[in-house]
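Some structures are shown below for you to check.
After this come two complexes, each holding subunit A, first together with subunit B and then together with subunit C.
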Partner chain A sequence: MNNLMENAMRRSIILGVAALLGQAAPVAAAEPTAAEILKKYDDTMSPKTFDALVVMIAHRQDDTTRTYKFRVMKGHDDKIRLWFFEPASAKGQEMLRVGENMWVYMPSLKRAVRIASRDSFQGGDFNNADALRVNYVADYTPVLGDSGDPKSYLLDLSAKSKDAAYDKVKLWFRKGDLMPEKAEYYAASGKMIRSMKFTDVKDFRGLRRPAHLEMKNELAQKRWSEMTWLDMKLNVEVPAQRFVVDDLGR
Partner chain B sequence: MRPLPMLAILLVAAECAGQESLDDLDKAGPAEAVTEVPKSPTAEVNGYLSNRLTGTWVSTSGPVPTRDVPSLQDLLEANVQLKVRLGKSAFAYGDLSLLLQGGWLYYRDDGAGGRERVGEHDVSSLHPLVAPSELYLSWSPASWLNLAAGKKRIVWGSGFAFNPTDLVNPPKDPTDPSFQRAGAFLARVELPFEKLTVSALFVPQVLYEKSGLPYAMFKYSDYPVDGQKPPDDQFHYLVAARLYALVYDADINLIYYFSNRFRDGFENKSRFGASFSRYFFTDYELHVDALFQTGSARSYPNHACVAAGQGPGSPDCAIPTRDAASASKLDDSAIYPRLLVGGRTMFKDESSLSIEYYYQADGFSDGEFEDAIRGLLAAKALLDQGLIVPGAGGGASGGAAPAKFSFDPLRRHYLIISYTKPKIRDDWAVGMVMIAGLQDLSGLLSPSVSWNVREWLTLSLTGFVPVRGIPVGQVKVGEESYSEYALLPFDARVLFEARAFY
Partner chain C sequence: MFALIRIALRNVTRNRRRSLITLSAVFLALTVMVGVRGLLNGLQATIREGVVYGQTGAVQVHRKGFLKAMQGAPLDLDLPADEAFLGKIRAVPHVTAVAARIPFGGMVNHGDQTVFSLFTALDPVAESKVCPQRYERVKVGRPLDPADPTGGDFTTPLLSRLGVKVGDGVAILTNDRDGVLNAVDMKVIGSFPEPGLFAADKKVGFIPLPLAQELLRMPGRATEVAIAVDPLDRIDEVVAALRPVVGPEYEVSSWHDVAGYVDEIVKNQNLVLNLISNIFLFMALLGILNTMLMSVRERTREIGTMMAVGVRRRQILALFLLEASLLGLVGGALGLAAGYGIIHHYAGEGIVMRAVGSTTDIVIHPFITAPFVARTFVVSIVGAAVAALLPSFFASRLRPVEALGSVA
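And now, the complex of A and B:
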């Protein structure tokens, strides 16, 4: 009797689960929403906490380059701290972002100076927000656009406030794994000022993300910058005091 | 340092370069977030080698003696900045420069409206110097506690070119605020929390030093030094307490100072400082840096001693070199604030502009400035007669590298404007700094051009041109009119610097 009841229960559970799966299947196959794609972008490009080693090479008009090597660490509440190791003239410089606030510590000044999110990052083609403020869900309102390519999604992003790095952004994603492929960045006037290519998807201790970012300055031909992520650790625990202005330079 | 330990540190430092992964970095880089803690001390070394060649068109006609102002000067600086990590929570830091200098071609007023050559002679300010800008130990026994002791530059004020709240460090050079890195010998306890920091500071005054190295601080010895009797038997120190808070996206500092005969005549003196810095409308930074005190330790000219028709021999001026000036407002109960308000922004072409207005209530009035000019002219005459020996008395220089330009404001209202435009051609940048005294519209213009030849090499050319010909608010002494920047002992100065980083 018990066995009969158990079998009946098992069947009804299996049928119930099958029914649920049957209902869920069309949902899983549905296109992701703009908000979901943007959240995936943030999770890929700037996970909750991490510790990374990055090299930025700025290519200039005269075909020469400048190389910067820095360590970037992200703690809870979207706080970011950054240390420069190279070149020798920038060694000892540090950057910090807490909320809307950004500072650069200059060893020659022996103090931290406030900087704006749209100021150039070490004179290259990235701006400070590109390095210190990758929180697109908080900064932009996304709308799905027509990518013109069945293998890609396109997001049209509008800045929620002037603290965002750009006024408008177009972001293309690969369908399937939602890896960012390229981006275009626009001023309020509608003029494209920068464009980016995301390449060389790598596995960093469990996180797959593009390891190479190539930012082209659309206002100055021949000028572009590339950022290569050499290494990355996830889920690091950093004391809150590391994200305090007075800790810069220590 | 003996060669062997130095070599060991340099070898470790060499290992720190060329990190390709975080694990490489964990052996040497900024600690804390990293899980692995280095077992032996690790070091980071950088620095630069710099040569500054300065050409000066000396103005001998002004009230300031020019006997020791070289027309041609060269300064060679070898700098090393060494950070040795001592485990997870401590490090030692040194920023040391060795300076070799030379000066040539001296001129002075010939008394007939022209100038005459002065023979090559010893100038104490051009002696070789060891400048330990910083040399300290920092220890964080807990994440909320940091202890530091040694020589360190701590700047709490938000001013870009000048910090009125800074009573501790050698002042900045407004034409190049990044140039001055020297600090003061001190001990600091700091409690950093997430949105506020509490700091306490004790700073004993360096009383005697030789070639940048101190050998007496806090209290004069009981015995004569260099043949000089100790001037007093007081303790010379400053203590400070400071609260920093990040409030509504603004940096706010509140500072309390208590000092006794610390580089001035104030005894048991309380002073209050405050600073503010915040971005408005995304791109515009606004800052305020203010100090409030009663009285002033500034030396004011004694009118009875320097005014026309009186002078040496009058009842109030028995010994001119002693009686011509005194800190006459030391015990004044009036509040004399010093206030700097400024803003900074970066434009789309990456050029940046900083504008700052500075007010000091204890600056000279027109009458006091006129008396000061009379006093200077009298002193210059005494110097020419050999009655004052230049360089006598000396005094601590703070072990700082010589500044390109010293901002020592005499009057009350100033405007400092700084503009920099990078990338006029990839590695070329131009800049202009203007310091203007608003009471007589005199000032200093400092244009500059720099070229980053390589990542490790920068060449720069900087000019210094006093503007003193605008006949507004000048004071008249005898037949001559004087403005504040007429006191600069040169008509033009050009400085060429080559700096190689390593």
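And now, the complex of A and C:
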């Protein structure tokens, strides 16, 4: 009698737990991991190869603006190259990133010069690694955080090396399509130095991504920069010889 | 009165050993006070001159708001670096030279190395008149030279970071006035160990103004005008005269405003010096107090005798005060003389010193001023008298009969 009851109880507990697990399991499968979200972020912002036309407007302290127009081409193995068209004073300048190394080609020097990933990109509020953005999965360790909003995920990123664009990044993603919404960038000290808004999600030949980025400088009042993707071609031919230092300026 | 002085003198010489010990205490205190003051005067003058003749110039002119935004070395707060503007400044009385400058941040590149550093674009000729010490700091190679339009001077820490020697080529990269990146090729023609006293950043370069104007794409413009004033104590006059000359959109500042930390350092040094001096003086005066107390005790019968023959209490008081003052006077005079001698000895050749964390020697020429000597002398005499006030008062209050009966 006793045994029977025990068995029945045991069975019902097991069943109950199984039922609970059965209910929880499909939900857990739908929740992406931190690594998956970050991978999706890379796929959205920096697909395998592309050729894009971008306009950057830097808003300065004195309420004036400076406009830059450039072409960005991403080749295989996260190599990326950039050509400036505007303003006239920047025309002929080029940039190249291979791994964590970055160069700028200066027409006045007729040669390329090594630059740092964290230096300002053309005096604006993006840094060089932002403009030559390739691979966050390689640069950061992601952890899921509490976004404080049931409709979005929060990723806390910490840099794997000093070459990453920032020491710490907080990224918010929309649940569902995992579109980036906003970001906060922090120095090693924990001080917020930049914040970004991703807006104007557009379809570029099948790739949906924010076409407008607004980077606010948190260290200086009234300073911010915006980048607008005018066009983005995907799966273009990217000749490997375009992505070596010696090719800059040619 | 003369008789009293004569008696005081005789009394002082009566107990030679004790007087000598007291004198040496006063002597030593005064020697130290004068010596340290002289040394500090020399040090402070060296600091002041190093800043005025090596970094800031006596007076500076900027666009309004520049100094507040100085950290960012703003390029848009600029001013004309032409003869029309600079000539107006040069015409102000006591202005002897005027030099346009542009401080800015950027990068130096050589081969695979790129180092962030601070630059100052200088007019090679005018700068040598406003800040000659800048040029004297160049230890290897030569200072900026109008004959070498692409030659620059850099600090040795910067050059060693880049692995560059004097004679090598480097590229300077920076964002121009519009924020657009620009670069020029340069040659390293000279190096100096340090940009100046109290320079926080040791990676610094000096660049010819015309080249920097091209690099920053601001032809004919500058952001700072450094002004030499002679004599230096006319600075306030020059600042006041310059304001209406340059107009309200510019700010005129003396080096005190630009390098306020110098006044702060001098103030703190003086505070410490005064504390030490006062302790030495206090010890010497305690010696006098002790001597006079002993003296009064030993001479109780004598005081009684003096009173018995009609010497007044006032005179007794005056006698002891005079004795103390004599000690202060002689000890003080000798101490001042010795201190002055030491200072004079080092004034010519100077004392070579090295500040903490610095790699350059500074030469200190100690000196003291007449008002300081006079004041110290008076303090030593009056101080001695004040220290003797209590013993002298005791002496003058003695009752003749009891004093005569004293056996001490």
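Just so it is clear, the second predicted complex is superposed on the first by the 222 of 250 C-alpha atoms of A that agree within 3 Å, B and C clash if a C-alpha of one lies under 4 Å from a C-alpha of the other, contacts with A are read in each partner's own complex, and residues count from 1 in each chain.
As a convention for this text, a contact is a pair of C-beta atoms (placed from the backbone, for glycine too) under 8 Å apart; a residue touches a chain by one contact, two chains touch by 3 or more.
Predicted, not measured: the structure shown is a model, and the values here were computed from it.
Partners subunit B and subunit C clash in the overlay (superposition on subunit A).
When the two complexes are superposed, the chain touching more residues of subunit A, out of subunit B and subunit C, is B. Applying the stated contact rule after C-alpha superposition, one finds that A:Leu230 touches subunit B and leaves subunit C untouched.
Of the two partner chains, subunit B is the only one touched by A:Asp247; subunit C is not. After overlaying the two complexes on the shared chain, residue contacts for A:Gly206 are found with neither subunit B nor subunit C.
Once the two complexes are laid over each other on the shared chain, residue contacts for A:Gly124 go to subunit C alone; subunit B is not touched. When both complexes are overlaid on chain A, the residue A:Asp62 reaches subunit B and subunit C alike. Applying the stated contact rule after C-alpha superposition, one finds that A:Ala116 touches each of subunit B and subunit C.
Look at A:Val104: by the touch rule set out above, it reaches subunit C but stays clear of subunit B. In the superposition on chain A, A:Arg71 makes contact with subunit B only, not with subunit C. In the superposed model, A:Pro87 lies in contact with both subunit B and subunit C.
Stretch 152-160 of subunit C is the one among 8-16, 152-160 or 278-286 that clashes with subunit B after the shared chain A is superposed. In the superposition on the C-alpha atoms of chain A, the part of subunit A touched by subunit B in one complex and by subunit C in the other spans residues 60, 62, 66, 87, 89, 106, 108-109, 111, 113-114, 116, 119-120, 123. For subunit A in complex with subunit B, the touching residues are 51-53, 60-62, 64, 66-67, 69, 71, 73, 83, 85, 87-89, 91-92, 98-101, 106-111, 113-114, 116-120, 123, 162-163, 230-233, 236-247, 250. Residues 19-23, 25, 29-30, 32-34, 44, 46, 48, 81, 91, 134, 138, 140, 143-144, 146, 153-155, 160, 177-179, 181, 183, 190, 192-194, 197, 199, 244, 246, 249, 251, 277-279, 281-283, 285, 345-346, 350, 422-423, 425-427, 452, 455-456, 458, 501-502 of subunit B are the ones that touch subunit A when the two sit in their complex. Those residues of subunit C that touch subunit A in the complex are listed here as 76, 107, 109, 112-114, 116, 171, 173, 175-176, 178-185, 217. Residues 58, 60, 62, 66, 68, 87, 89-90, 93, 104, 106, 108-109, 111, 113-116, 119-120, 122-124 of subunit A are the ones touching subunit C in the complex.
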